[in-house]
Every structure is written in structure tokens, then in C-alpha cells.
Amino acid sequence: MPHIAVVPGSFDPITIGHYDIIKRALPLFDEVIIAIGTNSQKKYLFSLEDRLSMIEKVFADEPKVKTDTYKGLTVNYCKSIGAKYLLRGIRSVGDFEYERTISQLNNSLSPELETVFFICQPQYSHVSSTIVREIMLGKADASKLLPPGLEGLTV
Amino acid sequence: MPHIAVVPGSFDPITIGHYDIIKRALPLFDEVIIAIGTNSQKKYLFSLEDRLSMIEKVFADEPKVKTDTYKGLTVNYCKSIGAKYLLRGIRSVGDFEYERTISQLNNSLSPELETVFFICQPQYSHVSSTIVREIMLGKADASKLLPPGLEGLTV
Amino acid sequence: MPHIAVVPGSFDPITIGHYDIIKRALPLFDEVIIAIGTNSQKKYLFSLEDRLSMIEKVFADEPKVKTDTYKGLTVNYCKSIGAKYLLRGIRSVGDFEYERTISQLNNSLSPELETVFFICQPQYSHVSSTIVREIMLGKADASKLLPPGLEGLTV
Amino acid sequence: MPHIAVVPGSFDPITIGHYDIIKRALPLFDEVIIAIGTNSQKKYLFSLEDRLSMIEKVFADEPKVKTDTYKGLTVNYCKSIGAKYLLRGIRSVGDFEYERTISQLNNSLSPELETVFFICQPQYSHVSSTIVREIMLGKADASKLLPPGLEGLTV
Amino acid sequence: MPHIAVVPGSFDPITIGHYDIIKRALPLFDEVIIAIGTNSQKKYLFSLEDRLSMIEKVFADEPKVKTDTYKGLTVNYCKSIGAKYLLRGIRSVGDFEYERTISQLNNSLSPELETVFFICQPQYSHVSSTIVREIMLGKADASKLLPPGLEGLTV
Amino acid sequence: MPHIAVVPGSFDPITIGHYDIIKRALPLFDEVIIAIGTNSQKKYLFSLEDRLSMIEKVFADEPKVKTDTYKGLTVNYCKSIGAKYLLRGIRSVGDFEYERTISQLNNSLSPELETVFFICQPQYSHVSSTIVREIMLGKADASKLLPPGLEGLTV
């Protein structure tokens, strides 16, 4: 049975932090699905289409990386596609406590679903989509926080 | 003088985490008042009436447990009913830092008011009203996160 | 070259916590600029004019303290006035993780900008503008959380 | 059935932090037993006799406070004397994580044993027996870190 | 190329926490090597032989699990056997900060070595070899903290 | 009055982490004294003479940096030389909690003594004297963790 990992998120936009975690984890899995959870009540800076096409551009040369979108609970999406793993990065103590809660919840809702964690490299530990958006909205250059191929992205 | 403890919160809805803390602390007090702070600017999933009646149903067999509602600062409410204790549960480092700030504030506003803490049992450390609401809104089953008597609650 | 430190923030309103950090750091610098970042999308309890005049009143006798306002990224503001230092207080683990992220970001955007930290004194570690606003909105007395000269401030 | 709380520790020596937690918790219990766990492999600055007599001096006017010594696991000691509560103070995130582990362990070994927590007052959050010993060994005055009645204690 | 993961540690003794992490991670790897680092300056409760034979007993039915011992730096051991992954569990914020430091160090010494993390299940978050040893030395029953097959282990 | 900062520590040995904090803070002070606290009960890998000469070599071109040794409490040493500032770096949440305790203690013993903090740069956040010693004792190359001028140091 192939090892499928889901990387759930908003990716508004994908950052060099996301990119680095996925590249490092890729050899462990047969397929990594970057899955954008859609939530009609949240507001995003980039449209769903733009967010998907950015990810596809960044991973154009990685045949094991796929993209998808889903509604509702992440555990239900994973079940529906037969994925047994979630993949998540941790930057900080705050992240760790959040991820512990969510992985414990997911495991209680779907006991066969495991979450695999990588710790963020130190040079990217300040990177988040939120900070990328603030820099862009402040009309400054966010290139250093973006994955290869997206440098120069603006709003 | 009877020992009265107030458990302040929104209880939108009450969870098995709240229930467990209250049950464990109950023998220490003569009266435990579960008090819903009302705030006209916040939005709730369940109405004030529903939240109160859920709590009453859960603790129907516990004569020491009462319910109430209040407006304004928690310390003023405690003074008004002669309660000398607040009761709070702590799940995580994030909770601890929040509770430390609030208890320090309450103690500075009302020096005779003490906050008594219980640490959440590990099997409930991922439970919060926020997560219960998200599961319900995702149309999944939140029964395992709800107190005895509320299993099957939906929105 | 004079040592100029910028203390960025909303100061809605300035608290005794801000005041204490600035007083303690003042001897190290030739000039300390308390700079209110303006953001048209955020709502404030006090107007920009009120926030500035409160700060000016509090530091009326400190010729080294100036006030200012700015738009956009803090690093750009610092560059524009030739300030080489940011000054920040840390109350808690949560604060520390936030400040670490922001100082790492600022340093990556502007390598010559250093952030100097003071740890909050324990008696003020529960003080924040958020809590001051809640106490004021709850019609209680926030005097103990306000700097000398602002006691009695209400909304 | 009376509410008996055990406060386990080395008390080498008792500090103003211990004293403050016990005073604040005292009204909740019928009896508070300060119990020194003895461990022949650890080295102490003060002898067991001195540590006991210091505690007795500090609480001479509190008939509800007793002292005792025990060997082995704290849960077994509590069972042997019919105590249903442990009482502990928390100063910091590090303390919280330690206490969570120990209370979870104690609860798994003895499900009827509950641990009740108080958060340390901010002015005492830097106080520990370790720091008192270092100050004393450095020939400085530790009076401010000691409970009323022990000021002036030296080694 | 097969995916080989090393689980470094003292395993004095192996606990149900170690066991649970390894079982959950096993499907991701072709081989998991539980490697006891030997350090002539540390004292252990169980001999190296006993620690190895306990691990072998516990994983007797798992052909993918092997045991080994090594001296010196973990990164050098991993290189010598061609392992590209370290596997570690995280129980708490304290663990996270320790693991972040060590994985950052290992990555700087050996950039191709990745550490994969699983978060401990909540019911085991209080389990450590240290606590198992203390319970055993206190002549109490540590069975609940030991992996299947080792229940009843004593010193 | 000149601004004198003391950087207290064991420096067994000085690391690139220490070096980076001191270099970044240097412009703020007129004199920075790297002061090795001597403690006859602790064991060190490098002799006091070696530790001092390493520091002197590293800062040979910085006339504002001096070295010294002291016995007893750091606050007393600072008083004896007229230093009003301690300078410390923070790498992690664990460091932050330790530094908060010590700076609160120092301030209570000597109210005019302030501690100024810099947050460690991310690429050095895994560096400590302890880890340098372990790498050296493991016969590996610690050059990347040492300040300019000490690369190649071995034991």
C-alpha cells in the first residue's frame, strides 16, 4: 500500500517554510498531497485558484507532489482518499502546543491517522503566511520568505 | 462560612473537559456556581438559554452545583455573591500563561479572591468548546468531547 | 552617532508596563521615540490624538522621550529616521516567542537594526493594554495599571 | 470526612514561596501536612531536624498545619494517612510541565488522589530553595526570600 | 535505497512511551534500529545486556526492528550504517525545545540526516525511564509504564 | 558616567553564540566586562587561564571588551566595579524562564542593576558550551560553534 501524506493548510500563500518541510519529508512518502481546506467564512488575500497554481508552479518538477482542495474536517478528507499520514512542520512552542491538540483530536476521530512532524529549520522559523501577507501589504519585498519560483510575488 | 467557588466561562457548549474538572473539585467546596459571563459583542453558537439548560441537565444530580449569569468583571460578580474562590482547569502551557495573567489581575482587583487550579486529565487535554463547535459545524460526531447526558448534541 | 531607540506599538492606552520598561531603558539611549503604528483597518478605543497626548503627558519631564506616528513596516520607519535600535519588553513565554519571530524578521529585512529587550517586572507582568481596556469597559478602576499622571483615566 | 492535604517537598529550607501558597490554601482544608520526603542519596544543606523545626516555627500559630516525614513514593504516604489531596504551587511554565507529569503519574498510581494547584504570587515567582541556598552560601542576606520568623537564617 | 531510522537513547529501561512511538512509526520505514549510546561516565540501573535483551523481547515479532550499541556522536553512528533518519517522540514543551536543539545540531553536523518526530499519545505523556526507575526503586509496581512483555519487571 | 555591562558566565569555552551577542551589544556600552564566576565545586573542561586567554584572543581587537574573574554573587561583583548593567542572550523558552528568575532575583538584591537582553540569532540557537564540550569529547569538529579565532580548538 502506498504511503500517502496530506499537508493540510490555507497556503495564503505557500511560504519557503512550507516548501522546506515538504522537500525534506518527500523521500519518506510515495505521494504528498498539498490540500487546501476551503472555508467560506474566512477571507484570503489570494484566491483559491491563485493559491493552487502557486503550489503547482513551485513543485512542477516533483511528480510525487499533488494538490487538492477539500471541505469539512481534515480527517474525513484523509479517509476519503485513503491517506494514512498528515505531515506538519513545527516552528515554535506555540506551534507545538497547537499541533499536539489537533493531532490528538484527529487521532481520536480517526485512530489509524498518524501525524508526522518535522521541525522547521532555524533560518525559516520566523516565516509564516501571515507575515508574508503583512510584508506584501506593507509594499515591501517578501522574496526571501517565498519558495523558489515565487520570488517577486506581489499583491 | 461556606466555601463557594465560581467557574466562569462561556460554555458554548460545556465540554467533557469542564465536566471533569468540576466533578473532581466538587468535594472541596460547599457550592460550585457555573457562571456564564454575558457579552453582547460576542457571538455564540448556542443561545444563553440553551447553554444554561445543558449545564443544568449535566449536573441535575449534583445539588452542590448551581448555574448563574453575570455581566461585567468576574471579580465584581464574585464579590456580589460572597464567593471567595474561582475554579479553573489548565490543559497546556498556553492555558497556564493565560490563567496566571488573569488570576494575578483578579487578585490585584480583589485581594481576598483566590483561584484554585486543577490540571486537566491527559485524555481530555485536546478538548475545548472551540473544537466541539468546529466538529459540529463540520457535521461530525462530537459525542466523545461532551459530558454524560449531552452525547448526540448537534447544531 | 546618537543611540536612538524606537518603541513601536498601538498604546491603546499606554500602560504602567510600557512606562516601566521605557524608564528603565532610558539611560542607555540618547533618544527614545515612542512611535504609534497607524493601521486604518484596526479599531482602537482611544483616538490617535488621545493616545499621543497621553504619552506626552506621562513623559513631559523626560526630554529624551519623543513621540511619533508611522505607516507601514516598522523597519522602514526606523531606517527613515536613522534609528538603529528597537526597544521591547517581554512579560511571558508567549511574548518571548512573538518577539523572537518579529525581531528575526526585522533583522532579516534590515540587518543593522537590533532589538534590545527588558524583562517586565513581576508586579506588572499581568498588565496589557487589552486588559486595561476591558477593565475600563467593565466600568472598573484601572488606575493601578496606568502610568503616573494617567490614574483616573476612563472611557 | 475531613479534607487533608499533603504538601510534599524537601524544604531545604522552606521559603516565603512555600509559606504563601500554604497560607492561601489553608482555609480550603481541615488539615495541611507539610511532609518532608527523605532520600538517603540526596545531600541537603540543612539537616532533617532543622528543616522540620523551621517549618514548625513558621506555622506555630496555625493549628491546622502539621509536619511529617516519609520514605518512598508520595502516593503511598498519602494513602497511609488517608489524605485525598496534594497541594502544590506553580511559578513558571517549567514548573507547570513538571507538575503535570507528576500529577498525571500520581493519579495513575492512585486514582482517588487529586492535586490542587495555586499559582505563585508574582513577587515570589523567583523564589526557590535552590536560590535561597546559593544566596546563603554566597554569604548574602536571604531574608526577603524566607517566611516570617526565619529572617536572618544563615548557614 | 531502504529507509533506515535510528532511535537513539539509553533505554534504562525501554518504556511504553518508547514502544508506542516505534510501533506507530514502523510502517514508514524499512528498518528501525534501536541504538543504545554507551557512555562510560553515566550510571545506569540496568546493564547494557539487560537493556538490549528487554528491547529484543519486546520487539521479538517485529522483523523490521533491530538493536545496536554505539559510542560517540549519534550522527557519526548514523553515517556509519547508512541511516538517513532519526526517529524521536515528543511529550512536552521541554522535550520539544531539547529536540529542536539536538536536531538543529545534528543537521549542522550532517546535513543529509533528518529527524522525524511523533507526538506522544496523551495517556503516555507522563512516562519516562526516569519515572519508571523511581517507581521501581520505591518498590511500587511500574507495569502500566512498561511495554507489553515487560510487565512485572523489577530491580 | 560610563555605561558598563557585565557578561557573567563560565565560558567553558566561549562559543560563537556568546560572541555574537557581545558583538551586537557592544555599541550600546562604553565597556563590556566578560566575567568568569569561579566556583571551586564545579568541574570545568578548560582551566580558568585557558578560558580567559581564549576570550582575550577572540576580542583582541575590541578595546571596549575586558575580562575579569569573580567569586560569590554576581550582584556583589557588579556593585564592586560600578557596573549598572548585566548583558545576557536568550536562545529559547527555557533560557527565558531561567533569565527571568535570575534577573528578578538580581533586581531584588540590587535594585539599580538592570539586565539587558538580546535574542540569539536563529543560526546559533542550538549552540551552547555544553554542546561544544560534547562534540569535542566525541572527537568531532566543533569549529562551526566557536568564535572567529578559535576554530580548530580541541581538548
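Here the chain labels run A, B, C, D, E and F in written order, and each chain numbers its own residues starting at 1.
Here is the rule we go by: a contact is a pair of C-beta atoms (placed from the backbone, for glycine too) under 8 Å apart; a residue touches a chain by one contact, two chains touch by 3 or more.
Given the structure is predicted, the values throughout are model-derived calculations rather than measurements.
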{"item": "Chain labels contacting chain E and also chain F", "value": "A, D"}
{"item": "Chain copies touching (chain D, chain E) - same or different residues, decided at half shared", "value": "different"}
{"item": "Rounded Å distance, chain A centre to chain E centre (Cα mean)", "value": "29"}
{"item": "Mean-CA-position distance for chain D and chain A (Å)", "value": "47"}
{"item": "Chain centre separation (chain B, chain E; CA means) in Å", "value": "39"}
{"item": "For chain D, residues that touch 2 or more chains besides their own", "value": "93-94, 97, 100, 104, 122, 125-126"}
{"item": "Which chain pairs touch, all of them", "value": "A-B, A-C, A-E, A-F, B-C, B-D, B-E, C-D, C-F, D-E, D-F, E-F"}
{"item": "Complex contacts: residues of chain A adjacent to chain E", "value": "3, 24-25, 27-28, 84-85, 90, 93, 96-97, 99-100, 103-104, 107, 114-119, 121-122"}
{"item": "Footprint of chain E on chain B - complex, ascending", "value": "93, 122-123, 125-126"}
{"item": "List of chain D residues in touch with chain F within their complex", "value": "92-94, 125-126, 128, 131, 134-135, 138-140, 144"}
{"item": "Chain B-facing residues of chain A, complex", "value": "72-73, 75-76, 93-94, 97, 100-102, 104-105, 108-109"}
